[in-house]
Amino acid sequence: MAALLEVRDLTIEFTTKAGIVHAVEGASFDVERGEALGLAGESGCGKTTTALALMRLLPYNGRIVRGSISFAGRSLVPLEEASMRAIRWKEMSIVFQGAMNSLNPVQRVGRQIAEPIILHEDADSDVALKRAGDLLELVGISRNRLNDYPHEFSGGMRQRVMIAMALACDPKLVIADEPVTALDVMIQAQILDLLERLRRELDLAMILISHDLSVLADTCEQVTIMYAGKTMESGKTMDLFTDPKHPYTQGLVGAFPDIRGPRNMPEAIPGDVPSLISPPSGCVFHPRCKFAFDRCSNAEPELSELAPGRRAACFLYPEVTEVPGRSMPIATR
Amino acid sequence: MPGDPSLSIIPRDPKFRGLRDYMISFFGLDRPQWEQFVIYLQRLFTLDWGLSYQDHRPVADILLHDLGWTLLLVGTSTILTVLIGIAIGAYSAIRRGKPFDFVSTGIGIFLYGMPIFWLGLVLQSAFRKNSVFQGWIPWWPALPTSGYYDDRLIPWNWDILHVADAFLHLLLPALTLSLGTLAGISLVMRNSLIDVMTEDFVTTARAKGLSPRQVLRRHILPNGMPPMVSLIALDIAFILGGAYQVEVIFRYQGIGFRTIEAIGSLDYPLLQFIIVIGGAAVVIANLLADFLLLWLDPRIKIS
Amino acid sequence: MDLDIRRGEVFCLVGESGCGKTSTGKAILKLVEATDGDILLEMPQEDARTYDEARTRPDDPRSREALDGVRRKYSVTWKENLPWAAGQILIFVLAILAATFLAIFVPSLALGVLRDPFASPWPIIGFCLSIGLILGSVGSLPPTRISRRTRVIVALLTLGSVVIAPVAVLFIHRALTGDTSRFEVGAAMASPWAEDPAAMILGLGLAVSAAGGACALLLDWRERSEGLTGIRMRSIRRRLQLIFQDPYESLNPKQSVYEIISEPLAVNRISRNPEETSASVREALSDVGLRPPEEFIFRFPHELSGGQRQRVSIAAALVLQPDFIVADEPVSMLDVSIRTEILDVMMELRSRRDLTYLFITHDLSLAWVIADRIAVMYLGKIVELGTTEQVIGHPMHPYTKALISVVPSPDPRHKVERIILKGERPDPVDIPSGCRFHPRCPLAFERCGWAAEEVADQLRSLKADGLLAGAGDFEVSEAGTVRVSVGSLSADALVMELNALLSERRDAYLPLKGIAEVRAANGAIELSLHESSEPPLLEIEPGNFVACHLVTQPAPIGPSVTA
Amino acid sequence: MGTVEVVKVGGVISPFRARAIVVGRRMQDIGLQVFHNKTAMAGLIILIFFTVLAVAAPLIAPYGPLSAVPDVGPLTLPAPGHPFGTNQFGYDIYSQVIWGTQISLLVGVLAAAVASVIGTAVGLVSGFVGGWIDEVIMRFNDVVLSIPWLVLMIVIAARLNYLDLVGIILVIGLTGWSVTARVVRSQVLSLKERMFVERGRMIGSSNTHILLRHIFPNAFPLIFANTILTVAVSILSESVLAFLNLSVKSNVSWGRIIAEAYQHDALTIGMAEWLIVPGLCIVFLVFGFYLFGYALDEILNPRLRRR
């Protein structure tokens, strides 16, 4: 059976005054039914853009240059706007980063949750509001609060409301874009716990986007690492985190202090994230890579399969023997 | 106080000396200024706004009559402006960067910079009887260009003839005033909506599968309105300023027309009351706006 | 809250947002006025002992004197309430007079000068006098505002415009016109005023702004003159610096790197000349790893990457050569790959410049790798304090334990049982009685400070779930007990039901633990509660302090807790 | 979009030199952006045109503002020697329109300067000092705002029955500052909360230093763009006053030309230019200021370009 969501060679550009921003280039990943995929990377690596593109919600100056998105057997890129609208929220919904800004400040949360139900299921507003109440209780908020406005909730509660809203039409896939960033660890744990429970109970597929690898390590089965709009490495969470192959993944994993590990200072990746308007030639990571050699600045490495389900875009791997005088990098952990 | 009002009431001729002295003492102009002021304040306290120097009627009577017509003019054009301005502003916000936006914004700024009195003069010339255009285009309409309604219909009666005629007379002044203030409102509306459109909840709304029209009606407009309301309230003073010019041009004898006359004759009681009315209008407009905001924006609480 | 930070250590303050860690940091830097208590800087051991001793006897006048003595020497927040001095009142009156004078006469004089500059010397002389007055009021600013050099220059200029310029003008005028007539000052000054109403309007405008300015100046000055004198505060400021959280927000976008870094030197009048300033700026830049400094010195913040901005921010704190730095979440806004570089720079500077850090963070795993000692805060109080090994390796307080258990780890092999606390932190305005953590504590027991309201709420929700069907209403009496009115069951049966509930369900419904005794009293049932107090921060091991009843005293009943 | 090269400087840097480099770089940057912005350039070209017209009026205009065309009577129809005809006194309308540019520009710019200086001072003090001073100033401001500006201006203009150039500038300037004050105050209030102000406090700067070095430079772009827009408003105000015969009487201005055309029914007697041209001049000059002001606002205060 084909995967629920198949993304192939997705490439997105933004036209800005300063030039064309190559926000995402050649992103490819699959999400199976009931599975959680983690998209990780630092700021400006194209995670959020990818999420918006999946729902075809790019801002007016962004466009999908090439690539395909196939969702439940349907190809989304050429789909016309009206049919896309029928898919949004009904089959695929999204939880944005800042719950404060993602909720309409002048509408009661009950109405906001009920809105997609009324729209997609032709329900009348009493039925929809009743469902909205059920959904609120599902995420652990009393249904008495249906008539409250977003500003009357705390940050964690608002994120719960967003999650309830995302589940309104029983979607098959929920995209959660940095759902716990800017929340306290305890609330963060509560929300992640809730997401995991809901995923099990409702058999949801989920894309979890985060800059925090440690959040993904706990919750996802598959992880894709992005850097400057390109996919660097992907694979099963356990393999990828315990034995990172790509130098960027190694650096990223090593940059997080581990409270359950030894008291070592994490390692830095020297340099800064490159500009997306004029990205470096060859491998985008080579200016910061400690293993970089000549070829890295000339040619761009393909994302190639190292082991079943494990892919990386790095010259070090398939042809590592071709580089004389360089030892095979060993994962720092 | 500069300018002696008595001079403009009574001809400066020795034979009117007695009358002049009587008038001066009648209006209390012979007393010291501070005393005049105290008397004025005393009368204010009893809602007595004094008598006009010009036609000796109570100031309040004169102005309340005028006020009705000014309100008709300002009200009509404000409603017109707000409706059309919001529509244009909203449409150019959606079509941001497209030709419609470019053209409407350009015309908007152009109109914004047009002196209202000049616009009135041009329109008046264009739609008067025997205007140049009538020579060129046979069906070019001629509209009444002065007064509230036709002189031949005086006195006023509440019948269809009078109302229709008053409406015809209102057409040009209201159009002038609307054109003059329309641009400001549509430009502010456009910018305010564009601000709202970059907010995350609009993306959420789109992600819910709402059509652009539904997104606009349910999410963008309700959030774009509160700043508009307070701006329109602040703009009331400017709209009034425009109304004064229009009244002068079209001899529409409302408050503004009366103001210019009062200035010409240095009719201070009248002027003072006009300023009070203007201030009151602005205060009332702001109060109304505050109540409207309370209803539009749940985040505002009465404290 | 008591804290002592030793020279050269990295002291971490951790906790959830709103727990007061940032306020503590700011209070140390005296940005926010501490409500009560002392922040003492560089206090030697024996004085510390005197201070601690004196604090135990707050009513003794002698110990109060000793306390004040210590505070005067070392406190950052010490205030001496100065009475309004006659001099201040005099200057206040002068300022008002000056404002009035300027407002009334300057416009008319200026107009006079503009209209006919050669008719009479007096408008020009008046003009010079007004300028003298302005300069004079600038010169009379308190010493915190202007340096000695500026004051001398201002004084000379004042003298010049009040005495020399008028005399010169008079002489020149007389020489030119041969005029020897007497002059009526009042008439000359009043005439343009009477002639030109426009000047009147200008005068009114100036009067409003001048009066406003004078008042503002005065208020600000009064505020300053209380407490430490500016000079003393400045020397403390030099030694205490802050590294801000958000490098995007904390740098002025209109200043270049050079101005940002040299500003502290200029403001505090530390560097005497441009050579010294440029050298210090360069040194600070290369110290934080921005090399070569010439490359960065004239960039604006928007031309720097996030990491570079934070380095500039650190450089601006370092240029004053401080020895104590409060770092408020210095890396939380940065990308992960850059974070470590900034931390490395900070740690390197510590060893090189013998710095002490108060590191404020919400990220426990970060504290784990950099801190020497850690204090965990909850709702404005420290609940646990100790070395990093003690606090994170062997947490004692239930809050710390829960917090550590939910910190995610980048290594999926390191899975632990997460203790997820229910609910969110209470409103800091309405802090729970007893131990402030007890409503969320999974291990809370009898003495933790259950309030009657909490117990009543729990009973109500139990009734809503179908238990205690025989009970009527639950009320909180003024004596702090819960009164249960009798419903369908008799009072005795209800007491039995309640007792059964208490012995069986107390671990599931924690607030029930607060009930000490169930007793029937004239037709109703009264539940009295256990007494409780706020747990003090006690040393349970050398250097390890915990504020929890469970740890510091053996629990009489309930689950035994051992770490 | 133009970007300016980063300056590399070695050796000793005096504060003056540092300031000069910074200001130079900013001006260069803004200049480049204005140059690449079509709206700003369009506005700038209109403004340059009118400025040249005003400065070179004595050279361009064939007659003086108040001098009759020889050998031609009053109210003559347009003809080659006097392209827009002559007015009721036989003065050349074409020359009058050119001379009128001077008054409009002068009054507009100076009145806006007065309004901006007062408004900025009031806004800065009120926003930065806060507390009861702010409260008092803002209430006063409300009162000023609540009086319809035109009436206020007319009353002042009428009371000072003689208004020279300085008078008209002061009248327009002093009734026009309250909007600026409001705008500046709200900007200062938001700037005051920014972290770099706290940093300023931290390093021990005085309030004056913070106000001058941190708040003002950041509010300046807004103030500047706002001043340009205020110029447009002031030009309009002057034309209204002139139309109502309340402006400078010793000199000709566009509003007054329109008023004379109106009084003599220019359109009926076939002298449409008399009414239309000065009106169009006002419209285009104001349009130029608005275009430039809005574009400048976009360049100097990019709302979406933060970070």
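Note that the chains take the letters A, B, C and D in the order they are written out, and that residue 1 is the start of every chain.
We take it that a residue touches a chain if its C-beta (ideal position, glycine included) is under 8 Å from a C-beta of that chain, and two chains touch if they have at least 3 such contacts.
Keep in mind that what you see is a predicted model, and the values were worked out from it rather than measured.
Asker: So if I look at the partners of chain B and the partners of chain D, which chains show up in both lists?
Answerer: none
Asker: By CA centroids, point me to the most central chain in this structure.
Answerer: Minimum centroid-to-centroid distance belongs to C.
Asker: In terms of CA centroid distance, which chain is the most far removed from chain C?
Answerer: Farthest by centroid: B.
Asker: Pick out whichever of the two, A-C or A-B, is joined by more C-beta pairs in contact.
Answerer: A-C
Asker: Between chain A and chain D, what's the gap in Å when you average each chain's C-alpha atoms?
Answerer: Centres of chain A and chain D (C-alpha means) sit 51 Å apart.
Asker: Need the CA-centroid distance for the pair chain A / chain B, whole Å please.
Answerer: For chain A versus chain B, the centre distance works out to 55 Å.
Asker: In whole angstrom, what separates the CA-based centres of chain A and chain C?
Answerer: Chain A and chain C have C-alpha centres separated by 38 Å.
Asker: For chain A, jot down the residues that touch at least 2 other chains.
Answerer: In chain A, no residue touches two or more other chains.
Asker: For chain C, write out the residues touching at least two other chains, lowest number first.
Answerer: Chain C, residues with two or more chain partners: 197.
Asker: Find every residue in chain D that makes contact with two or more other chains and list them.
Answerer: 159-160
Asker: Given which chains touch which, is the overall layout a line, a ring, a star, complete, or other?
Answerer: Shape = ring; chains linked end to end, path closes on itself.
Asker: Which two-chain combinations qualify as touching?
Answerer: A-B, A-C, B-D, C-D
Asker: Tell me, which parts of chain B touch chain A in their complex?
Answerer: 96-97, 199-201, 203-211, 214, 218-219, 222-223, 226, 296-299
Asker: With touch defined as at the start, can you tell me which chain A residues reach chain B in the complex?
Answerer: My answer: residues 52, 55, 57, 60, 85-90, 93-94, 96-98, 101-107, 115-116, 119-120, 149, 151.
Asker: Inside the complex, what are the residues of chain C that reach chain A?
Answerer: Interface residues on chain C, with respect to chain A: 16-17, 305-308, 335-341, 343-344, 347, 362, 364-366, 368-370, 388, 392, 402-404, 406-416, 418, 420-421, 424-425.
Asker: Please name which positions on chain D make contact with chain C in the complex.
Answerer: 6-15, 18, 21-22, 25-26, 118, 121-122, 125-126, 129, 131, 133, 137, 140, 156, 159-160, 166-167, 170-171, 174, 194-196, 198-209, 213-214, 217-218, 307
Asker: Show me the residue ranges of chain A that touch chain C in the complex, using the header's touch definition.
Answerer: By the definition above, chain A touches chain C via 42-43, 154, 156-157, 184-190, 192-193, 211-215, 217-218, 237-238, 241-242, 251-253, 255-261, 263-270, 272-273, 288, 333.
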